[in-house]
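Next come two complexes, and both contain chain A; in the first it sits with chain B, in the second with chain C.
For the complex of A and B:
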């Protein structure tokens, strides 16, 4: 098995191809694409477009997890930034709206980072606080209603298109390139991995681990803020009760499917985004299949299990033994 | 002896307290669930309006979605010796002991919007609720009447899997269209009662049904999912309200906005006015001793684009939906 999958990422690409093939079977028009009002239209575009929020969340989450942390508050942060964006949309310019919404995400990230890096709280507990309180804050902003807006600028952010591609997809791609460049073109990525690998040793070696941890939570907050704005722009309204609900779990899953260990250390941005796409390809396939909705969660669980088994080192060990046994028999 | 004296004292106290106010004025305690949804907020504000209309002093306790808070609120209403208690139960079980206390204090309890476990039937006066199976039937009947004899492929956006409201609204709709062979639900999937999921699921329905050209109508278990579905249809170049008929349930303000724009056809109201019928039942019970039936069913009124949606939107938008 390990010989079959020599390079990192092959398991994920294989999983994606298999799921795409299954989607093609349950829905023959899956790969059909056409232009509709100047934008591409088809199930593949749906996968990219609907996968955007989780892909954005996973970009921040993968860095946090690389430092051996976790951020449970991203769903709630989405609700906060979406609520802020929707409340300001009709009275302010897009710049102000974006600055306020992303600023809120940044502050949320700073709060989480402060609790973890400065006060030394365990990440799961520290971010649980904002996970619970954040949705309440969002509900306070919207007063429990769905705040709708009609500002064409913000609506464009959710439903417009650039060169035929939905704007959210273009934004996610831009964020991937930006994050990748910042992290990998400098030593930053290495320092983050060092922090997650062994914080104490890194500290002694001169790595500013506190600054690293603070920085990844802040970036995670900003990514969540952006995802929240896009989710609100998509439905032209902020739904504080439901925006980003349980998406923190999908984001963590995307990172794990992308092969990044929850124990920190080595990470891959591209594979985390690929993980998000795997999840969404499966979700879209389930919706297209026409099976009763009672099966949704079950199918999802089985597919996730299969994808993770594909990556399990123990299982590839077993597979190796089996092949060796077969060879000796022959 | 002591009990008697106490009773006399409390009766005098109650009399003294009641004296400055209008003799007919009732004080009613209302244990509300909390602000779980826009509809809930609207129910609270309509309850206040209905109480003011009838000159009833309504005390509302917000339980923040916790049963223990509701039990505390009911105990405090009993201690204040209110004339009646309204309860919108957050869960269906665990009310026996506190409702027994209310019964012993001879304070009638009326359930609003939701029923409790059948074992407690003798513990409350009546329950004012909507029949969600009937809501689905009203939606199905409207569609059958509107479509007439031509064949019609329907796609359905279900509520959250496992929610009784979703199961009931599906059942009612299925019963209504079963009488018409030309109506067929071709796709049915859950949209979790939310706009975002309603939009996503509708996008997949459109792709699965060849660009949506074969879809004749959309039925959604609530208006929010329909608002999302309408956006999905518009983005796919379809004309909701014209090419594709829409019918959903709840009657929240935003669906009337869509009707004004000609993008939605019909909605069945889940009235936020549960307190009105409850107040009338209590008044009749107190004045003439009329015992109401165990279940007061609220109207499931159908609204279409011919009902002046702009006016309804204006009247509903201030209610807190």
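For the complex of A and C:
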């Protein structure tokens, strides 16, 4: 548990290596990196950069799923925060823009957390409300238009570079380290896992399960807010209809690929982010291979099914018996 | 009648809402508008009927929108490019979608996986498959289509009850009877109440799960055919996001997302309420379309809180009795 990469991460790392190898075959210059104007360029950097929004979403989502919840609203929250950032960008400083956009994410998270933790709603229902209404709210903010901006500060957030890395990648990395430190350097991670494992038992053992649940939804909202700002900064505009559309599904998928069970309990932040990268490496690979992007969904479906079957309690039961037999032999 | 109170509330909201609309825009209270309401929401009513079964059984089906999209493309291509007679194309696609649903149900049961993720994979698969068939919108020119589109029963007051509306009403009534009067329906409730209990009571859980998802996909296939009648075209991007509208309609209709309670008639009212909001916004003219989403969200919230309250009320006496014993 203390190690950031537990032993169960092996399958994901192997999967990533296999997909990278396939990408190398379809596109020989896949691993080429070059430095230009103080920024690295290349397909690998592209994968990281494009994968940032889903990676950020998965950081919040994995904590929510660890408490046995789910957050369907993150895509809509992205649209809201992106809309706010784009509307304020040209008239306010970057600090104000970020505070407003992240604040909106936080409020959305607080709303979801309130419904789940205080009113005791089923997470899938509670977050469905914001998923449906959120996009409407985002359109209310942009008044149905695609709001564009030219503020160099916000543009830098989406297209600039720090130490050769694109800014979004640096931000995602920072968020991973921040989240990882907060939940793993303290008992917080353990308490979240306990809440997901058995909320009632944890409550009786003195864990403030309500506070835990509220906290993870708030964090999920903040991460979605940040992802929304970056997505808006990337295209220098906010499109309330399409920003973050269906990304909630990709984020859930990333978490599931990362080996965190939808039934709550043990989670891994690093593996969830790895899951997001696996999805993006697949997408980029399909794009580079020249196949029409329509194949994306089919490949994704096959991967989901494969991961699901690997994680199936029934099949892992079989695997468990095999390992136990091996152990007794040894 | 367990599911009755929420249904009554939904009905009251529908009637009160309609009355409010009618006060503001007297023209809304005409058979013309009501007929259009039924026609425009026919596909939603059909697929929501199937979703009601799935949700009462404690599951969820995210793939329905994609199945509708796939169906419209398949039907359009089969008739226009592959030269199939429309009827053969319909039978083929219905068999295909039923098999698709059965496969999802089987995966859910055999591997003991959450329906949410399995049907999510199904959603990707069906949408991806329809992209593969064609990314273009394929117009359907078969004579059957114009015949069906033109067919309508005249209602007093100038309204038209179209063929697709009649198909929807038939399916809603059939679904309601299937759920309330048959052993299959009783088993659906039993599964949603408690899978383990249902299994102990002798319900063949596996077979039921397969049948329920098969029904949902089959109805999504029919909804797809109705959708293609409605638009006279097949397009791989049609009905994107319909699964959300469907789930919203089911919840507004008083079905518990945790399963075990609900009704097809409530879902039908839920569909009409959503259609009514849309109609109101069209009549008003100054309100933008995104108010539909916000209004639906608010309604969802109100109904869920209401259900939460009702469930809490229903549980209270049990707690008291338990306290008395100890």
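Keep this in mind: the second predicted complex is superposed on the first by the 294 of 330 C-alpha atoms of A that agree within 3 Å, B and C clash if a C-alpha of one lies under 4 Å from a C-alpha of the other, contacts with A are read in each partner's own complex, and residues count from 1 in each chain.
Convention: a contact is a pair of C-beta atoms (placed from the backbone, for glycine too) under 8 Å apart; a residue touches a chain by one contact, two chains touch by 3 or more.
Note that this is a predicted model, so its numbers are computed, not measured.
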{"item": "Clash or fit, chain B versus chain C on superposed chain A", "value": "clash"}
{"item": "First (chain B), second (chain C), both or neither touched by A:182", "value": "neither"}
{"item": "Chain B versus chain C as contact partner of A:262, first or second or both or neither", "value": "second"}
{"item": "First (chain B), second (chain C), both or neither touched by A:139", "value": "both"}
{"item": "Partner chain in contact with A:235 - chain B first, chain C second, else both or neither", "value": "first"}
{"item": "Touching partner for A:252 - first (chain B), second (chain C), both, neither", "value": "second"}
{"item": "Partner chain(s) touched by A:201 [first = chain B, second = chain C, both, neither]", "value": "neither"}
{"item": "Partner chain in contact with A:305 - chain B first, chain C second, else both or neither", "value": "second"}
{"item": "First, second, both or neither for A:25, with chain B first and chain C second", "value": "neither"}
{"item": "Partner contacting more residues of chain A (chain B vs chain C)", "value": "C"}
{"item": "Contacts of A:294 with chain B and chain C, given as first, second, both or neither", "value": "both"}
{"item": "Footprint overlap on chain A, comparing chain B with chain C", "value": "139, 143-144, 292, 294, 296"}
{"item": "Chain A residues touching chain C - in the complex, by the definition given at the top", "value": "70, 119-122, 124-126, 128-137, 139-140, 143-144, 240, 249, 252-253, 256, 262-263, 292, 294-302, 304-305, 308-309, 312-315"}
{"item": "Footprint of chain A on chain C - complex, ascending", "value": "60, 107, 110-114, 116-118, 120-125, 127-129, 131-132, 135, 244, 247-248, 251, 257-258, 288-294, 296-298, 300-301, 304-305, 308"}
{"item": "Touching residues (chain side chain A, partner chain B) in the complex", "value": "27, 29, 32, 36-37, 41-43, 46, 50, 139, 143-146, 148, 159, 231, 234-237, 239, 241-243, 284, 287-288, 290, 292-294, 296"}
{"item": "Complex contact set, residues of chain B against chain A", "value": "35-38, 41, 158, 161, 187-190, 192, 194-196, 199-201, 203-205, 207-208, 210, 224, 227-228, 231, 235-237, 254, 320-321"}
